[in-house]
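Per-chain residue numbering starts at 1, and chain names A, B, C and D are given in the order in which the chains are listed.
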Amino acid sequence: MNQKNPILELSGVTKYFGGLAAVNDVSLSVSEGEIVGIIGPNGAGKTTVFNLVSSVYKLTHGTVKFNNEDITNLKPHRVAAKGLVRTFQANVLFKDFTVLENILVGCQLQVETSMFMDLFNFRTVRAQREKIHAVADNIMEFVGLKNYRDELAQNLAHGHQRMLGIGIAMASHPQLIMLDEPVSGMNNEEKSEMMTLIRKIRDRGITVLLVEHDMRVVMGLCDRVAVLNFGTKIAEGVPEEIQNNASVIEAYLGADD
Amino acid sequence: MEVFLQTLANGVMASLTLALIAIGLCLIFGILSIINFAHGEFYMLGGFGVWWFLEAHPIFAGMPALVGYIIAILISMVVVAVIGMIVEKWIFRPVREPHETVMIVSLGVMLFLQAAALVAFGPVDKSVSSPFAGLVQLGTVSFSNERLAAIIGCIIFIAILYVIIDRTRMGKAMRAVAMDSEAAEVQGIKTGMIFSVAMGVSCAIAAAGGALVGPIYYINPYMAVEPIMKAFAAVILGGLGSLPGAVAGAFIIGLTETFVSTYVGAHFALIVVFLIMIGVLIVKPTGLFGHEE
Amino acid sequence: MHLEIKNIKVHYGKVEAVKGVSVNIEKGTVVSLIGGNGAGKSTILRTLIGLKKPTSGEIWFNGERIDGLPAPQITRKGIGYSMEGRRIFSGLTVHENLEMGAYVIKDKQEIQKRMDEVCALFPILRERFDQKGGTLSGGEQQMLAIARAMMSEPSLILLDEPSLGLAPKIVQELGVLIRDINKMGVSVLLVEQNSKLGLGVADRGYVLEVGEVVLEGDSKELMANDHVKKIYLGV
Amino acid sequence: MKNNSTTKKVIIAIVGLAAILLPVFSSDPYILHIAIAILIWSMLALGIRIVLVSGHLNIAQASFMGFGAYASGALAMKLGWSFWICLPLAGVIAAILAIIVGLPTLRIKGAYFVIITLGLSEVSRRIWMMWDSLFGGPQGLLGIPPPDAIKLGGLAIMFNSKVHYFYLAFVLFVITVFVMWRFEKSRTGLLLKSFPKADMLAESSGVYIMKYKVAAFALGAFFAGLAGSFWAHYFTYCSPWDFTLMASFYMLMYVVMGGTGSIAGPIVGSAVMLTLDELLRPFKEYMPMILGVILILVLRFMPGGIISIPGLIRDAVMRKE
């Protein structure tokens, strides 16, 4: 199907909460430059998969490989440092920080001065700060928030808050970005804007893995789609295959009306 | 062997008292999301309560000793519960957010109650003569009736609390509020009332603890400083918010403390407790009974 | 009129989330509020049930003014509320969740009767009776949330985003279910982002954008409206 | 904005100058002693605040002060080391202790940390009481030598008057304020403030949260250690009763009273509360009660602390116009 190198490989990923399997033996491979979608009803384990890959949770079994390197249960900040970042569902932001400050937190991986050096006003520290601000400006431009630079995150419109979430993730210059329900709560216009942005991200050479409910967005955007139900992967393929897959229709999509 | 059994019995009593305090702490944390540093002072007030009714103003002197004793405990519990409810409604509730603020406010309450007790009752240790004279002889081990009564009393209160929380409508409503207070409110549950009840209940059982075992050790304004510290440790060990965890934690702490005191030395006991606490947190950051997320 | 919302305004701090909205519900009808996030739909429901106080405006229910009352009191007047994100008590069993839904009813037999009626409507819950709420699937949790709101025998039920996160297949069933509830004589106020579902089951609809009603009317007419088609139905 | 920062600079300059010249106006040892206490207690309060910024409440600050005091006192007495070596070492020892305690506990949500520090304050007291040979048991260390004289050209500072101690405390205080200010103004400050809001998000952006939290905690402990060392050599003794949980509460109270929003808060809080403490000396036994009530009232009605009063007045005046 896709001849490019796999950038992210999940094999046999399993997570138990108490005695319940939230994610059960899920394997999935994402190739460089792809947009891959994960769909399924709430509670099917989609977000848990994100939390496992980004090491917010520890895996019960299985392995996660990124760029052929085992990153299973690495600390979350180490995962991010490898070039794999994620956004959060809803609006997890630094609400009473300005847009710029939010992005600056996202830029930390590019900071080269140490905490100790930062105590002094050395030239390297000043140069460093300028460099980071330039990166932040660039990111704000990219996600279309340049005009809101000094606005508090909590005062942004819903759609802009989602853009900011993506901006924070982009600020660490990732190779792969995981988007958790990027268009939830948006109307059609906002959805198309978000789809354009996601395509732009891919055009920068960044692989995208996303969880989404909106079928139209998933089908319009993704190169491949995986379907989860009760923590298990029940199908995987290009959008057309998924839409016509009998078990997906039975478990998830239902008869077309 | 004798020493061992004796220590075990003392350890069980210490654990049960701790459990009474720890359960209350846990209840308040679960329902009101408050780390209440003043909780130990309610235990202390319970101790002063029985002293007040039995020694300072022996108004039940005409009754049989046991009846007077029980009435004194119950009245102390009610009085302390009312004080607790006042503190909750007028001091804690207006500053519910953020958590750090409420914690510091509870420190203020603690300072106040401790100093108030000092002014009112003085620093000298008080004692209460127990209606349970005599010793029980179990093989070679002897154990005072007083201590046995305290053990039984603690068990009774823990059992009553368990039934209230697990079975009654009020108990279920409390758990509902602990899980999601807003969702509870739209079912028609008056959360303010639940807060008051929870605070009242937890203060009452802390007072019961003070009333039951305070007299065995000593009663003074600072009598709660050590137990509350250990109760906090118990709650953390068990996992914040878990009632069975609090009881289990209380037993781990209580037994460890008693045995280390007996066999190694009193000063070491608290240090060992502290190390256990840190050890558990390193291995399982959410405590023994706590859940991930 | 069963419920009348007259020109309410609601603020979060300095931000005006609802800017003078009026909504009417006739007895026994289904009314939908549709619109994107930030349109103020959920805020209207939260204000209606008393979790949020309006800055101005009035709310009348069964000829009685209810704005500003605390939530438990409004619930007692006969309004059931299935919250956004389900918000079931995950540590309580299904049975206990339903019991809490009937908290305002004191009579044990009455509660039992309600329990039977509601379980007839949601047979799946009967099977899960002693399971903890948190162990149910997303669809089952949504059923439980609606069932819990039905337990107090409300004459009006508020449904906040019931379709959120459900499999498209279950969303279809949900439409039927809302109709069933309505047939029992209960008025329904439905807030939906899934406009197709929202307008599909409703008698009347209101379209909200940034805190204001931009369109209202018969739901069939709304579905034929060009603006609604373009922005919300995406035809 | 600009106006505001100029005003700030002027205020800092005036207060600083007044402080430096204080001994010229008054050589009253009593006044100087209070001034020294304010400087030292401000250092401790600032240490609590920097941890509070990252969302954690440290109620064992007195213990860190105590470990600094004991370490410094013991080294000077048993090994005869110079104060000038003991002083920084005391800070480092307190900081290392903070790292050991902080590593397992700062990773979890706030409540655990508070309780651990609560435990630490009691445990540390036990350690000093128990370890007779090193820490002198219940009566503590007696006869800690005063700092060695410094000779700078013709000028000799002998530490035989309170004035010399005052200047030493002032220098320590200025260093503390400077480091705290730079620390908070740098990106580290931004990160610390971000943790209470959404630590998961920060972590997923590649920020190693623990590094910053532990650094803040260790920094606060470092200055507490310095303060403790100074205190021990200034009084020439220290005992387990000087560094109790109650002492930590008082420090915390200075932070809250002054206001947690800025570096000036804990300093103002320490100054006001210590002065109040002196004025209310006749009512000493009621002090904890009074403090408890003040604490409750301030948090209820003035969450921004004393430092917010000018702002509140300005708002009130503006509203009237």
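Methods note: a contact is a pair of C-beta atoms (placed from the backbone, for glycine too) under 8 Å apart; a residue touches a chain by one contact, two chains touch by 3 or more.
Being a predicted model, the structure only gives us computed values, none of them experimental.
What are the chains that chain A and chain B both touch?
C, D
Select the chain at the greatest separation from chain A, using centres from the mean of Cα atoms.
B
Counting C-beta pairs in contact, does B-D beat A-D or the other way around?
Contact tally favours B-D.
Report, in whole Å, the distance between the mean C-alpha point of chain C and the mean C-alpha point of chain D.
53
Provide the C-alpha centroid distance between chain A and chain C, rounded to the nearest whole angstrom.
The computed centroid separation for chain A versus chain C comes out at 32 Å.
With chain centres taken as the means of their Cα atoms, state the distance from chain A to chain D in Å.
Taking the average C-alpha coordinate of chain A and of chain D, the gap between them is 42 Å.
Show me the residue ranges of chain A that touch chain C in the complex, using the header's touch definition.
Its residues touching chain C are 20, 40-44, 155, 157-159, 184-190, 213, 215-216, 230, 249, 251-255, 257.
Which of the residues in chain C end up touching chain A in this complex?
15, 35-38, 135-139, 141, 164-172, 193, 230-232, 234
So in the complex, which bits of chain A are touching chain D?
54, 56, 75-77, 79-81, 85-86, 88, 92-97, 101, 104-106, 108-109, 111, 115, 118-121, 125, 129, 132, 168-169, 171-172
Residues of chain D touching chain B in their complex?
Residues 52, 55, 57, 59, 101, 104-105, 107-108, 110-112, 114-116, 118-120, 122-123, 126-127, 129-130, 245, 249, 252, 256, 285-289, 291-296, 299-300, 303 of chain D touch chain B in their complex.
Would you pull the chain B residues touching chain C in the complex into a rising list?
Those in contact with chain C are residues 169, 172-173, 175-176, 179-180, 182-191.
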